[in-house]
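Labels for the chains are A, B, C and D, by order of writing; each one numbers its residues from 1.
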Amino acid sequence: MEFIETLINGLSIGSTYAMIALGYTMVYGIAKMLNFAHGDVIMVGGYMIYVGLTVSGNPIISFLAAVLCCIVLGITIEKVAYRPLRGASPLAVLITAIGVSYLLQSSAQMIFGSAPKMVTIADLGNLKFAGLSIPVYIIVTLGCSVVIMTALSLFVKYTRTGRAMIAVSEDKGAAQLMGINVNRIIMITFAIGSGLAAFAGLFMLMKSPSLSNTLGAMPGIKAFTAAVIGGIGSIPGAMLGGILMGVVEAISLTVPPVAPYTDAIEFIILIIILLVRPTGILGKKRREKV
Amino acid sequence: MKSNFKKLAAAALALVMVFSFAACSGGADYTAENTEYIIGVSGPLTGGAAVYGVAVQNSAQMAVDEINAAGGLNGVMFKLVATDDTHDATKVAANYASMLEGGMQISLGTVTTGPGLEYSKLSVEDNVFFLTPSASGDKIPEFVNGYQMCFADGNQGKVAAEYVNTLGLSEIGVFYKSDDAYSNGICEQFKDNLDPSITTVEAVFTGEASDFSSQISTLKNCSFIFMPIYYQPASIFMTQAKGIIADDAVYYGCDGFDGLAGQFEDFSVIPQEVSMLSHFDSNATEGPAAEYVAKYTEKFGSDTLNQFGASAYDCVYALYYAMVEAIEEGKEIPVTISASDLSDIFIEIFESGYTFSGVTGENITWDENGYVAKGAVKYTLKEAN
Amino acid sequence: MSKVVLKTENLGISFGGLKAVQNLNLEIKEKQLYGLVGPNGAGKTTVFNMITGVYKPTTGKFWLDGEDLTGKGQETINHRGIARTFQNIRLFNNMTVVRNVMVGLHNQPEYKCGVLTSIFRLPKHFKIEKAMRERAKEILDIVGLLDERNSLSCNLPYGKQRKLEIARALATNPKLLCLDEPAAGMNPHETEDLMSIVRRIRDEYGVTILLIEHDMKFVSGLCDEITVLNFGTSLVQGPPEVALNDPEVIKAYIGG
Amino acid sequence: MTKLNTVKWNHYLNYIVVAAITLLFAILSLTGFLESSDKYLLEKIAIAITLAVSLSMVVGFLGELSLGHAGFMCIGAYLGGKTAVILEPILGEWPTLIVSLLVGGVVAAVFGMIIGLPALRLRGDYLAIVTLAFGEIVRSVFMNSSKESFGGSLGLDTPRFNKDILFIIAFVMVLATLAVTQNLIRSKHGRAITAIRDNEIAARATGIDVTKYKLLVFTVSSFFAGIAGVLYSYSNFTVQSTKFSYNYSIEILVMVVLGGMGNINGAIIAAALITFLDVELQTILTGNLAVLQDLIYALILIVLVVYNNAPKLKSFREKYNIKALINRFRPHNPSKHRDDEAKWDRVPTKIKMDEVLSVDLQVSSPYTPDKAGKEDK
């Protein structure tokens, strides 16, 4: 029974990671860049929900507003900070991403102050079931992330835009020659990634109502790790990696002697997995043509 | 072509550096040109712990403004300089040096414990007196120039354990932040002083974790949970524990809990009893604490209202009245007095049984080591529903 | 009868069920100019990748001067004496031409120099650097790139980049030099020039040369013996004029 | 033979400049002209330069992305600090300093070699995340150490060295780092390392021992990161592991990238500039202005990087810069081109992050085109 509860907790932590990891993986797969500012888009999403709730009082309206804001923010960041550097060294883009991350964090502190905000979205209560007490938000989060992952997979597989995304991720130059507007596709990717960040923001607030400007930093890194474990660039991989990380975290936290080392354990697992499978669990193995 | 830009930047850098180095003339007489008494403090004004630093900055500024409005010390005004260390000990040295070179004479030390140790060691070399509002590390008052307005961590842990021993429990939960000096400091003393017949169930977290479901699972059968942590993670824990930890359980924290009530729009959403060991009651309805709360809330809102600020407010006044007492005793405190000379005066005053009453307690005294002696009260922030 | 430099026996490799090359038997004799021809996708470059250690063969073995090198790493195989060029040029783009060749000289015993010798700038370091540079210039002279030695290799025209690859491979002092489509993208005049360079390398350095080429004029003008590959198997082996006129080969090229 | 020992002075220019600056400040310090805030700043700058130069070896010259440099520094800081705590009462100040520098550096180097091993198998981002993970693991281990061993969350109390002298020692270490790095890079071994960066497959085919050189670079680089860590522990009274998070690694990476990859002088200047900016912003923007620190830093970062790297601004950059200005007055003389004048450690380098994702080998690909498009991109 204990173990099942731990497992459910793990799934709950994991589905949030998965949601963030999906954003990372989409952007990485297509724009080939590590968007270190992704975690901070989540934070902005969180604040937008907070603002929406204060203004309208309606959780759904404020959430939709947050999604919209995040999408606009994602597109703006891409346009201002990343697009001018297309074709430059990927490391340069990495650095601007870090710059954007600092920028968002300090702007948030300037606007909303240093004190964390408490955001109560809706008290969904607990589900009592066979001796288990499971908070309903866990079920909501899990369900949402599975639905989103499936939708995203189908989108990429069956729509014109989705297939264009695959083409861009394989070879930007060739995609351009085939008449695909690469800039547009990358913009759409950022829009989707940032929209997902708003979802992640919602999930995190449902779980822990405290909102501060560092909300997205550590989950961002953990989710990035999750994306790499699953095989960066792969949508199911991001999901798998996220859930794996969450479960490991939950189990490790319940074992007292190793609990303080939880972060370390997650990273050790990452290293082991990468040593066995250098491109992650579901990552495609690529070879250079010789 | 990049490197050319670099050359330009380098030239600019060299120029700026030369100017900044040239600006300082050398010599230790930094206070010679002071026209006000300068109080310095280093605290986290940005980053994850900013809420504590900002509270200290706001409150100290409020106290300084009040003193100045009332005419300062014999007509000489005070000035507060608050530098940002983002809770990072390595930033303290630069802050300390720049404040000292900027004419700092009195200091509130640091806001948090980690940087506080660094600060103590730096300031003891120059003999700069500090009375820290909230750096509660046990080692800090060991420095001859260091005094605390808050309880030392070890003391809190001991007092908390003594209280728990009287409750007659057989098992309690302990939830703490394993990578935090404050949390560990209290926890250690707490466990050492706890009745050996009481078993403890422990759960820990690190960093800026925001999902405590696993820890809550571990602690779910405990009816009494000791939480020597700051209020932000505590609020998350309590929200997430709703419905899992029994409604009649008790959450018991230390002074870090203060500010918790302000976190919730409606504190009654937490079914359990929440109480704390503290020197400041933000729910006070009368007395100096209530006055402080009213003034602070009016100026800065309730977001950053916590005992850090209250303590800082007291610190400024305690220093002010100490100066007043010194002058009454016939000491001279010119506005250009050096930090070291002033420190000698302060140490003499504080060691000779100086008593202060303020927001965080009445008849506060300090022992020869610099540990504060004042009433620690168990405040019930919220009764069980 | 001169001795056999490279010998392969039943060499084959498959990728996920696809047999890219199978049962390849080659015998290349000392100072021979050996050609490997075949239509696109016949597995010629794969053969190169196997004998230079990029891929590990799934079946068969190969020997260089009688030493079994099957499954050895790229570096080891190079040390033993097989050097190669690449179909898609792989130069060290951020280095000057002369330094590209100096990298090739890196492992030659006469230029041995420990890391610490270099860090502490002992006299030996300077001596060796100078010697390496002189030697690199000599090699560049052979392929006719001496005048371009100080330009960045990525700024060279295509044909010269190919020649630089040959120079770099030659610098490793190989017994067997594998050239992957050395004349691709060259005009007839440049091809002529290249042919004489290849011959000169063979004659002056005594290097055995194995080459892949699509240009039949180049192959028949240069090679002593060729193997025609199709779908990973060897169709015909023999002197170019015989092998290229074989009906099977004509069928493979025209597509039967 | 006389030409053998001709020294290329321009190769040692940065060395001479740093040495001259060190001497200048040393004299200023010993004659009492420097405030302690200047000394702290100089210590920080020296530590930052050591870190940036050592990281640039991995990132700029070997072409691998490392996000765990702070981890090596952490090892150096804790082990060097601990050595100092134990030995200082026995050996006295100076011998302890030397021993702890060695201990910190060597242990960090050993770990560098260990972390170099995955570098043989992983490329690009995958290696980056492994190094990041390594840094976080190291931090976590020291964070949870017992009070007696490394102080745990309270941090390790270390002796602080005389601040009048420490920054001079730190700058001497900068010189040592610079000497080793430059001498290594400007030798046949450095050529092999840059060859691996430019084209690993070609380097292997040319017989370069890739394993050896990758490990060598990681070892040397982390040795100096360890040294920087020891210096750090000497410049603070406490070593706290919170400092060494991935954010700090990234801060070092920013210095290397801003300096221009594979450009040691650039890294030195960027390290000094960023540290200076950091400390100045921190001490100038006090009170309510503190929140502007990160904002200004971030804006400067973004503008600088975009200006330096944006392909569209290339013509602008080439038109308006100091060199163009100077050349207007001093005509360029192409006939002066000496043997091998091209500066090979100044050439732009690029890390191909997507190298692992480049086109499949057609023959070997187990993926048929329609299968490849299935779900993963």
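In this section, a contact is a pair of C-beta atoms (placed from the backbone, for glycine too) under 8 Å apart; a residue touches a chain by one contact, two chains touch by 3 or more.
Given the structure is predicted, the values throughout are model-derived calculations rather than measurements.
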Can you name the chains that touch chain B as well as chain D? A
Any chain that touches chain C and chain A: D
As a test of whether you follow the contact definition, which chain pair has the most C-beta contact pairs? A-D
Between chain B and chain A, distance of the C-alpha-averaged centres to the nearest whole Å: 35
Determine the centre-to-centre distance between chain A and chain D, using the mean Cα coordinates as centres, and give it in whole Å. 30
Chain-centre distance (mean CA atoms) for chain B and chain C, in whole Å, is 72
Approximately how many whole Å separate the CA-defined centres of chain C and chain D? 38
Any chance you could list the residues of chain D touching two or more other chains? 140, 143-144, 201, 291, 293-294, 308, 348, 361-362, 364
Touching at least two other chains at once: which residues of chain A meet that condition? 106, 109, 114, 260, 263, 289-290
Any chance you could list the residues of chain C touching two or more other chains? 54, 86
In their shared complex, chain C is touched by residues of chain D numbered 3-5, 179-180, 183-184, 187-192, 194-195, 197-199, 201-210, 216, 262, 337, 339-342, 344, 347-349, 361-366
Residues of chain B defined as touching chain D within the complex: 1-10, 13, 16-17, 20-21, 24, 26-27, 45-46, 57, 61, 80-84, 87-91, 93-95, 97-98, 100-101, 114, 117-118, 121-122, 137, 178-181, 183-185, 206
Can you check the complex and tell me which residues of chain B touch chain A? 45-48, 50-51, 53-54, 178-179, 202-215, 217-218, 232-233, 235-236, 239-240, 242-244, 263-265, 269, 303-304
Can you name the residues of chain D that touch chain B in the complex? 28, 32-38, 40-41, 44, 140, 143-144, 152-155, 157, 160, 232, 235-238, 240-243, 259-260, 263, 265-266, 269-270, 272-273, 276, 279-280, 282-283, 285-288, 290-291, 293-294, 307-308, 314, 317-318, 321-324, 346, 348
Looking at the complex, which residues from chain A come into contact with chain B? 2, 5-6, 9-10, 12-13, 16, 106, 109, 113-118, 120, 123, 125-126, 133, 135, 138, 204, 207-210, 212, 214-215, 217-219, 249-251, 253-254, 256, 259-260, 262-263
